[in-house]
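Heads up, the thing below is written out as structure tokens.
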Amino acid sequence: MPEVSVAAVAEAERLRGAYRWMLLARRLEEKISSLYHSGKIVGGVYLGRGQEAFSAALGVSLWRGRDIFAPLIRDMAGRLAFGEPLLDPARTYLGSVLGPMRGRDGNIHRGRPAEGMPAMISHLGSMVSVVCGMLMARRFKGDLEAVGAACVGDGATSTGAFHEAVNLAAVERLPLVIAVANNQFAYSTPTERQFACRDLTDRAAGYGIEGHAVDGTDLAECLMVFEHAVARARAGHGPQLVVGTLLRLTGHGAHDDAAYVPEALKRTPLGRDCLERAGQHLITRGLATPEELDRWDREVTEEVRQAVATAQQDPVPEAAGETWRALCSDLQP
Amino acid sequence: MPEVSVAAVAEAERLRGAYRWMLLARRLEEKISSLYHSGKIVGGVYLGRGQEAFSAALGVSLWRGRDIFAPLIRDMAGRLAFGEPLLDPARTYLGSVLGPMRGRDGNIHRGRPAEGMPAMISHLGSMVSVVCGMLMARRFKGDLEAVGAACVGDGATSTGAFHEAVNLAAVERLPLVIAVANNQFAYSTPTERQFACRDLTDRAAGYGIEGHAVDGTDLAECLMVFEHAVARARAGHGPQLVVGTLLRLTGHGAHDDAAYVPEALKRTPLGRDCLERAGQHLITRGLATPEELDRWDREVTEEVRQAVATAQQDPVPEAAGETWRALCSDLQP
Amino acid sequence: MALTYLEAIREAQHRALSTDPSVFIYGQDVAVFGGAFKATKNLSREYPGRVLDAPISEDAILGVAIGAALEGMRPIVEMQFADFSSLAFNQIVNQAATHFWRTGVPCPLVVRLPSGGTPGSGPFHSQMMESIYAHYPGLVVLTPATVGDAYSMLLEAIALDDPVIFCEHKFLYYHLKEEALPQESLPVGKARIARMGRHASVVTYSAMVHEALRAAADLALEGYEIEIIDLRSVKPIDSDTVLASVARTGRLLCVGESFPWGGVCAEVVARVVADGFNLLDAPPQRLNARDTPIPYHPNLWAAHRPTASAIAESLRRLLRF
Amino acid sequence: MALTYLEAIREAQHRALSTDPSVFIYGQDVAVFGGAFKATKNLSREYPGRVLDAPISEDAILGVAIGAALEGMRPIVEMQFADFSSLAFNQIVNQAATHFWRTGVPCPLVVRLPSGGTPGSGPFHSQMMESIYAHYPGLVVLTPATVGDAYSMLLEAIALDDPVIFCEHKFLYYHLKEEALPQESLPVGKARIARMGRHASVVTYSAMVHEALRAAADLALEGYEIEIIDLRSVKPIDSDTVLASVARTGRLLCVGESFPWGGVCAEVVARVVADGFNLLDAPPQRLNARDTPIPYHPNLWAAHRPTASAIAESLRRLLRF
């Protein structure tokens, strides 16, 4: 058996680990999608198919339980990698009252803000400044090590909220990683109707921050870039803008057939499936065997089955049990 | 008498013309400031001292009556150069009911939107997208020649409104000139608490538009850059970001002594008075004599005196004459 | 050939584009895609260059509409959901609403807000915002409850010289059908008697009109004739029609889907008691959604907003008084 | 050593910073400059690193406050003028207000809004926004009218676990003085009887309390005893105190400086008639600002907002009824 360096072992483990999260996210979302089409899901369904590499790479690059991760609508892989319990998505999508939002809010809006994962509001761009505030709080409290990551899409970069937050993060030199998944579309709107710059990383200089471009379909590259960006942020080099180029391999939501995505675009390198590529990569580099991948697949499929089965047994919210109070103090409105 | 080219004559005329607008603005604002301190002005006073070259150069670069000019709080010079009647500021500051806003709104908020000069609201950054809309209207109506200019300060570049508008202008490839007067402060806040980029022109690439840096204290340079930018916009090259570097040679408002501006900064080249420099330039290049400048000074001072005297005789708004209706249609609220 | 409420909205835009060259449509995904709800389906093909996709920039979208309006255009803005207009709030209330009064130059534009709750939509895709916008001077705020009104009021909104907030209700988009578009219609600013009655008046608007009608049908079985007033426009409010109804019935219940504090119902009650105090035989009542964000789970949502049975319950209490 | 309303606000922040390490102040020009109105004067020197200048980014400023609050801090945000909070509207009503209800994690922050009209300030530096924020579930909205309340309510606001919109009135900043800060005070959520009376009740808040007191003094000369209720907090509203007053006087006038459509006055009237209809001897009335933007010229401004004489006039009509 040839000698392998510690670094190589660690890298192999990271790749294998990230791949497994990608696989879990893919299988979970496939299940949610099929439940949606049979009318079993409460609320809307937005999937991350094609974006698992980019998302999982970010998730595994952060310190669970220490860092901050603000996912967006296509970050199932990153959420799971960062430590979200599998039951959280299962419960929210199936309308269980035991999910983290107790039926009050749902699906992509779920979060565990006390554990470093804010619960997004729908208004795109709005979470970036919230992560800034969390990081400022850490700094006030003397924690100079924590990194915060905020995920957005290409479309969200057009929001005023995004701009204000990134600029503010630059002024405060916050350890913020801004992960932009440029999946070529915002709902049906192609990037040429969204911005006119050559590449979204061109924005970095305008904020005075560091920018990184990455092929979002390539897990190994995503891991490398995010690990680097997180390390730079942690080391005090200020906000890091990471732009991943990829294609949304699904409709905007489960209701959308994405007929507006040109066939030709799907056949470009952008259209490659990051999960398949990552699997190939593991096999080609000898980091996993095809049998292993198959076994993982069976394992995660079973994990998904169990989580969904549990959530399906859960009680649903009942109006009678609601307090109908929005205030946390005991003031009487 | 040596032969001079047509271009040289035209350039001389532009310099002389712009200088005269600067002088008029300076004298008018000095008058308003002294009226303010004797309690004769209605509302707040924000002055453009030190910014006349940058502002006037933009004003004279536009086509009066055809183009669009959206001034901000320090653009007295540009307004006058673009064609605002001197009585408009005199009347608004003195609370005449005959001013363009009829006492309903005042001072820096005055405008003549039907004549290409929108009336600003206070919320910084909000006017840029309004100019975009005006330009889109022109395009809809088949006018492909008009240019629109929107003025902002360094501070306003941090607003979401600014970002959304510039990005949208780039997507629509609008003939928009964005004039950023970087006067080193937003009220008391220095630029290092406002943004972290090396230079605000670094933002241009991030929007995919053309950017131009200019010494805002140098009239000749401002003229050259704005004429170039306006011509580029008019020729279909899309939005042009022009950043003028200068210093606000006054408080934020007439109520502010600007004690927070370091003395050392005032002694840098940024602190040079653009009006004096422009006068020197005219004399040195033989484009005007000291006597001519003195004569202009007497002339504009007299113009100011007359405008103020007229405005002071004007009737003031009376509540009894108000319709107290905000709707323009005859719907009864 | 029955037409839905949503199709009526599309038809009105179609007609406006075809008859007035100054009309254009601006919003996210409105062009080729035809809008998130398909309210602009095919319009970009039929009117090339006049139905434009916007970036995700609600503030700038409104700024563009305002600027274009000042230059004589008549923009129709589609917000993808009413809830996202919170990001255009400043441009709407401070720029569009104040413009005519400040400058004498009108600012004719329409902001279409897909409003209101549907099951599973949650706190950020269910809001009613009419009470917020109606608070501000200079805006007209419309809340059509029928297919015919969706059509005729949208056409009127486009023709008005004032900025109009057009609150269309998503719950009615596909549910509500009518056989044909109206030839005639009440003008904006006039309320409609949706059902005549004499024991109590329900004043309401938008989707709640239909809940109220169902409640009235229930109470008819109990021998009560409930009059239902559909406000149609919440700014201006047609106080005359409301007062005339209260004069007939002596009892008032005002029903709204928005949050309970302030808003349309409070305004209607305050007007009625100021000008029609002596017409009342019982304390006027309000029924609104609960004072929490709008829940995502349908079980909670159904208990959050007023429903036919909650309205009927309120009416029974009011009638017992 | 008399203290102004503004100094009381500064003192409250001073005390909060000194007693609670989780408090910090964020806003434009609040640090070395001490704020546009000097409400944070010297605080950045006394509490280095805890009073921070923000860029002109109202949305992000609120986002920062929310994020910091979620992590256990207690941010105080100063808006330079209440009017500019329109740009933080989304973060306030959709993020801060909904957070506890959605997630169970509190979001304790205070947004200080320098509010209300002063002569010559015009449409964008004069607004009252309490009616907008109070509409949304999840917010507490305070409107102190006295030096003592400015102090004690701000301290209470900072200590509350809910997001608080603190509407301080610019017209009172320098005008209003008191000899000392209060040792005790009414809790947030309780209204105050600012003047006892028996012929009519004026329910009001913020700067209008003082106009109403002047009107009451005038009417006293005419033999009428007017009771003045200072709401102090407009969300929650202390309906009990209001109803008790109406029970004593039988007549209600509600006065507010904000726009007339909806809002605090409509809410108060709607509550009183729903729960205290039989207490009323006359139709309850409202007096608000006019339904136009706020005029810049002092002549127009004085006629736009309610004044002591306009209140007295309304009261005379109410008393004649």
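Of note:
Should a chain be cited, it is by its letter among A, B, C and D, assigned in written order, with residues numbered from 1 in that chain.
Just so we're on the same page, a contact is a pair of C-beta atoms (placed from the backbone, for glycine too) under 8 Å apart; a residue touches a chain by one contact, two chains touch by 3 or more.
None of these values were measured; they are calculated from a predicted model.
Contact with both chain A and chain C is made by B, D. Taking the definition of touch as given, a chain qualifies here only if it contacts chain B and chain C alike; those chains are A, D.
The chain pair with more C-beta contacts between its two chains, of A-D and B-D, is A-D. For chain B, the chain with the farthest CA centroid is A. Centre-to-centre separation between chain C and chain D, using Cα means, comes to 30 Å. Centre to centre, using the average C-alpha position, chain A and chain D are separated by 41 Å. With centres defined as mean CA coordinates, chain D is found 37 Å away from chain B. Chain A and chain B have Cα centroids lying 45 Å from one another. Within chain A, contacts with two or more other chains are made by residues 101, 104-105, 109, 121, 123, 158-161, 164, 167-168, 171, 193-195, 325-326, 333.
Along chain D, residues 54-55, 57, 59-60, 83, 86-87, 90, 94, 97-98, 101-102, 123-124, 137-138, 235, 261, 290-293 each make contact with two or more other chains.
Taken as a contact graph, with one node per protein chain and an edge wherever two chains touch, the assembly is complete, since every chain touches every other chain. Chain contact summary for the complex, chain B toward chain A: residues 158-164, 167-168, 170-171, 173, 192-198, 202-209, 238. Of all residues in chain B, those touching chain D in their complex are 42-44, 95, 97, 101, 103-107, 109, 121-125, 155-156, 158-161, 186-189, 193-195, 260, 316-319, 322, 324-326, 333.
Residues 28-29, 32-33, 36, 53-60, 81, 83-84, 86-87, 120-125, 261, 290-293, 295-300, 302-304 of chain C touch chain A in their complex. Considering their complex, residues 100-102, 104-105, 109, 111, 113-114, 118-119, 121, 123, 126-138, 140-141, 160-161, 164-165, 167-168, 171, 325-329, 331-333 of chain A touch chain D. Listed in rising order, the residues of chain D touching chain C in the complex are 83, 86-87, 89-90, 93-94, 97-98, 101-102, 123-124, 131-132, 134-138, 235, 258-259, 261-267, 269-270, 273-275, 277-278, 280, 282-286, 290-293.
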